[in-house]
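The structures come next, written out as structure tokens.
In the two complexes below, subunit A is the common chain; its partner is subunit B in one and subunit C in the other.
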Partner chain A sequence: MKKLVFTLVIGALALAIAPAWSADQADQIIRGQYQAVLGDCAGCHTQAGGKPLAGGLPLETPFGALVPPNITPDGETGIGNWSEADFRNMMKSGIGHNGVRLYPAMPYPAYTRMNDSDIADLWAYLTSVEPVSNKVEANQLPFPLNIRLAMLGWNALNFTEASFQPDSSKSAEWNRGAYIVQGSGHCGTCHTPKSFLGADKDSEFLQGASLQGWFAPDITNNAQSGLGKWSEEDLVKYLKTGVNAHSIASGPMAEAIENSTSKMTDPDLKAVAVYLKSLGSDAGNTQPAKPDETRMATGEAVYRDNCSACHGGDGAGAGVLFPSLAGNSIVAQGSSETLARLVLAGSQAVHTADAPTTPAMPSLAWRLKDQEIADVLTYVRASWGNAAAAVSSDDVAAVRKGLTQ
Partner chain B sequence: MTKILPRKDVVIVGLGWTGSILAHELTDQGLDVLAIERGPWRDTATDFNIGYAQDELRYSVRRDLFLQPTVETMTVRNDPSQTALPMRDFGSFLPGNGVGGAGVHWNGHTWRFWDSDFQIKTNLTKKYGASRIADLQVEDWGVTGTEMEPYYDRFEYLAGISGKAGNIKGELQEGGNPFEDPRSRDYPNPPMQMTYAPTLFAEVGRSIGLHPFPTPSANMSRAYVNPLGIAMGQCTYCGFCERFGCANYSKSSAQTTILPVLMKKSNFEVRTDSEVLHVDLAPGGKSARGVTYVDTSGQEYFQPADLVLLCAYGLHNARLMMLSGIGKIYDPTSGEGTVGRNYCYQTNAGVQVFFDDKNFNPFIAAGALGQTIDDYNGDAFDHGALDFVGGAGINCIPTNGRPIGTRPTLPGTPKWGSAWKKATVEGYKSTLGYSSQGSSYATRNNYLDLDPTYKDRFGRPLMRMTFDFPDNDIRMSNYLCDRMEEIAKALGGKQYTVSRRKKGWDSVPYQSTHNTGGAIMGTDPRRSAVNTFLQSWDVPNVFVIGASAFPQNAGKNPTGTVGALAFRAADAIRNQYLRNPGAPLVQA
Partner chain C sequence: MASDPPTQVVAGGWHFFSAQEAALVEAIVDRIIPADELSMGGKEAGCAVYIDSQLMGAYGASSRLYTQGPFLPGLPTQGYQGEANPAQRYRAGLAAIDAFLKQRDGKTFVELARAEQDAFLTAMEAGKVDLPNGVKGPAFFGLLLQNTMEGFFADPVYGGNKDMVSWRMLGFPGARYDYRDHVSKHNQPYPQPPVSIIGRPEWLGKGA
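Coming up: the complex of A and B.
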């Protein structure tokens, strides 16, 4: 048979809406699907190439491995036996079906701020997705952390069930942004420094934190290490496309952009930008001492030979392909962990509809020694208006070790 | 045991320029498309890593990115009376390998052929009489320059070509090529910044009444975002283009213009390191059922498909047709058969001018950074009083100053030792070169068929290439060399040399990877293998896309025309073929 099958391009929603649902229910499911985008459920609960929401790859926490479970409505292996009340209770308190206590790798300390109607919409969506039978052993923590009851104590110390508290002195847009950032968007899960118990240090909200071999940068409006040099439009563009004049997303943020922020509505992105730009202050920005001239000269030589073809002799980069290093927020962080990682392991930009190119930084681990990387990063961090602290070869060695383990 | 795989709407053989263009267009149409690529996956960050992309020994001398003869070679001879022998190493031309194909390691000269090139037989017969081309087997393409214009435009905008229009909608443009056909709009990017050598060449050319203009270049003169939304970077003029992948996203290729979007489509898949052995035909041989391929473990697969697109290198397209029984293999004695007919090449010659007092800084370069003079190309000049047809572009395009390969020396210099070293130091900075990119016209005895003796690693016959430069083309090239000598004299160096093209094509020294023909397009199924939409006359659900379709080669690099033909074939499939799949678009 030489008949071609004409495949219709289905541009509309790829939702599996059963015909039995009423129009109201369908609307609720569509709203719930957007809640799943805001909460980036797929980021953890879907494996690359796997069935949607049927369980993710292990999360390496400082305490051990946790595997995001199957949250499809499968009765045996998913959440098919849960009630809506179970789900609401889990989102608000971290206590799931049958009283099972969740670990805060599930960001219920953020989701607790979601309002009831958004949680109800999300529940409606989750009950509508294709049930997948996939048994996940979520808890792979070592003893005694594997005893979920331990979380009773953790919660007592670190967690309060809460609701989002709007600030009536601020605009509706600001409040919407705050609601997303603090609640479903759970930005602080990565960007807020953690206590030794793994709880957010609320006093340092969104000021940058290290996790999984990356440094999630300061996303307050701090002029030096934060978003002070970014306009609201810069921030919207970054969250929508993964790239703007200041940076190209890498690592876990690239995944968050691909799965979540690139699919948010423009008004929501704008609201997030308005809120983040209102946070923090420029106070307390201490200028680190200028590195000594020998290191700067050595670093510059390494830069000329290895970096300047793409990032430019003046660190200005080239549009959406090669990020500017002058004023780059990753460069400006107190921690050089992400920077060293990018040089050692390389990185590829995320693919979004508006920025499909996915340019990549090659790995230079085979070519540059720890001291050379330390020198060139020291040079980059102290040039073209950048003023971040010098990097030692031990800093680089630690990242290299982490990558080879 | 051959494994039988689930069917696909479309299978594409080879994921280079044409395969990527067709895959992008047909996946946009909603079809389920599979590309099967003989070589490896290649992308910029891993395979053209800035840390080693400019390794001249690895890529230029040892030809790391090219097809190796152990994978596929061919036998060669100059005329049908000889016994062809296999090329044990590629030399005269270097076919590509892997994702991106030869588009990975090209220089980037991107030309449009002219209406007078497409309607060559009609045009020459009208102007000079049929007897002028009696020794040649030139054919009209079956398309006009006007028909091709929108497809050239699409390729140039896809690839971000840097250049200067010479003729927009009939209005001549200052600084462009006055001999080109009208184009609908200017190039997407301005010309590259000129280095000293082409600047001097243009000044001198202009002073003797010629019309130099910036060579249209696939090296970006500025940052560019193409119609697919894919961004490219400004060229750094490093001079590592031909034989190299570009580390800076600055040279157009499938990698830098199509694949970032194509690879994300759910209805596209590529299988690399998988070699198609043949197209499988239904009983009766009038339609294709799919293709048979083998992976690196030796496992053989049958991949059923409704539509088969041969998008391999032109020579390999022709061989796959022969091995699959698509069409009849050309026989020069009877003149019958079409597959393998009208194999053509490129008739090049070069000049070097040596100076004492100039520094050309040749290491500041790009593959297509230069100036071209088309006064003696194709139909731009009158051949009435001459003894040949055709012509050449004269190109001053100093593509590189790479340290191993760039060693110009005066005639009489020893080939090694301290005198040679001293001469190369003197010659490196102060030598200016340019060359003629000459047309190659078909003759009855230049053709491709299957070798009766030699086989490949799968036991399939090698292709046999029978080729020598036709007398017409040698006369053309000598005329161009005389013109290039006039320029050399006007340049006024201390000495110049001319390398003239001679009879007896030699497969060893590198000349050009512009092999054309073998599955030529046309309007007569007795004299062409595919119709003007590149659809096989004999098996209508097979399209054969590439320079294999050129009835003869013009005095220009072929890639621009290959890209335009690919877009034209894609349009024909989308807008005509899919309405009645399996039917010929042109009645034989």
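Coming up: the complex of A and C.
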């Protein structure tokens, strides 16, 4: 709906100030608006309830806080005095107007793969939005990390400007998916494990990573920890609606779905699914040891009394309202961080045009002790065909601590 | 906040009752629900602990009720219509019982034999004892009976129903809310044990 309204507004503006924008320019702005959807610019640069793209909430990185700046065309506080060349250079190299070096919380290591025409469209769109005066102090890192020149060294070690390299042996659809996932979609920013310097470990591309108190799961086709049990249709449905028979999106992914993937075109979502389903391998999978029977019995008792009413005695869930825990990819991750967080804090599904119901899971932090949560998660992770490692009460305690800080 | 989850009321130390009042209430709840082959008695089940806790809270102060006058006699179906809140009624009622018994028998309720306690409570319920200070025996007995049953059957989180004793007695499964797996299993006992709002012993592997 947002998109429709936006399109209408742009259309109306184009009519009202026809001399300023030609039809070609209007088309380019609309294409650029879609690039902003693919890149989820609003996810970071717009605060909930705030003016579009006028600056976001602080991103808590392992190195300190960075605040997404105002990227409206305001001359004082936004990017109104940038040139298109500045913008293109920033997207490709992480070096902005006046040579300011960006931190890779801005996912230029992914955006560098965007092609010039998409970047030009995005620029056309960004220059068309309402300028907002909002001063943002983007760099709140502690010394010495706050010295932007340090990024010169980081980039030398971790970054090469690149273009997307199509694979001619693959279909056009696969290549389109790869272009979105690696480039504007910047999926790896969350889903790829990071080195101690905060750079993507390319050898573990999209195999799952911990950030901001959540575990962004493995989204390769790995049968054990990834999307191996999902069909392409499952994946498209999840990205479009936030819900499918295997999972309901939570946390940062719910936001990404709301702002970005739910607004992507069906062919693009299909392309993303085709590409993701082609990644990963099951070669390294191992079967974790069976948890001990006492913990399984305790976990089952906790499960019966707290979880089964919605998720079913057999973990099968109930359609799109209550996710199945059997074969659930969040359950299957090596890390139990997101699982423990869901039990402790609860979660509510994201509102999308195709799935407006937003079923919720309550917080159980008040009712269950760390050991009880560890036992029930251990039970769930080792039942109904699931085979993920046992969870310790220390694991749960760490998540609880993170939530109460 | 109304949405705050309940916290476990634990026995040990009285919050509303004096030691003497607590002993009297424990003796009364143990006659209303005596220990027998079906269950433990009201005292061991924590009914007095439950009542003590309730009288300290919103119930005792009637803080969720309209409590302004005029105070007119109500119909029997309208329940208590007086000015006093439950905390005040307990304070006055318990004092009246001991004052009456001391004058009549030279003993407190706690010191009476069980048969004498039962006889007194029966007479009080029937309006056959004249309690001092205007305390109405049947009404106060009704309050004691009501609160004792609440303590015995309510969730253990509120201080009574120790070890879910009444739920085990009845076969009530407690704080559960989904029976889809059992709806079609006619004439079969429900297999799950009762569970309290704050859990059951099996959660920590302690056994039933």
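The working rule: the second predicted complex is superposed on the first by the 386 of 405 C-alpha atoms of A that agree within 3 Å, B and C clash if a C-alpha of one lies under 4 Å from a C-alpha of the other, contacts with A are read in each partner's own complex, and residues count from 1 in each chain.
One rule holds for everything that comes next: a residue touches a chain if its C-beta (ideal position, glycine included) is under 8 Å from a C-beta of that chain, and two chains touch if they have at least 3 such contacts.
Quantities reported herein were computed from a predicted structural model and do not represent experimental measurements.
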Worksheet item: With the two structures laid over each other on chain A, which partner does A:Arg304 touch: subunit B (first), subunit C (second), both, or neither?
Response: second
Item to complete: Name the contact category of A:Gly313: first (subunit B only), second (subunit C only), both, or neither.
Response: second
Worksheet item: Does subunit B (first) or subunit C (second) touch A:Thr358, or do both, or does neither?
Response: first
Worksheet item: First (subunit B), second (subunit C), both or neither: which does A:Thr294 touch?
Response: second
Worksheet item: Looking at the overlay, what does A:Ser93 touch: subunit B (first), subunit C (second), both, or neither?
Response: neither
Item to complete: Please indicate which partner A:Thr77 is in contact with in the superposed arrangement: first for subunit B, second for subunit C, both, or neither.
Response: neither
Fill in: First, second, both or neither for A:Arg367, with subunit B first and subunit C second
both
Item to complete: On the superposed three-chain arrangement, identify whether subunit B or subunit C touches more subunit A residues.
Response: B
Discussion item. Let me check the overlay on chain A: which residues of subunit A are in contact with subunit B and also with subunit C?
Written reply: 309-310, 366-367
Fill in: For the subunit A and subunit C complex, residues of the former touching the latter
294-295, 297-298, 301-302, 304-305, 308-310, 312-313, 366-369, 371-372, 375
Worksheet item: What does subunit C use to touch subunit A in their complex?
Response: 5, 175-178, 180-181, 192, 195, 197-200, 202-205
Worksheet item: In the complex of these two chains, what residues of subunit A are touching subunit B?
Response: 2-9, 306, 309-310, 318-322, 346, 348, 351, 353-364, 366-367
Worksheet, complete the sentence: Interface with subunit A, subunit B side, in the complex: residues 9, 30-32, 43-46, 49-51, 223, 225, 228-234, 236, 238, 247-249, 260-261, 264, 267, 282, 287, 306-307, 541, 578, 581-582
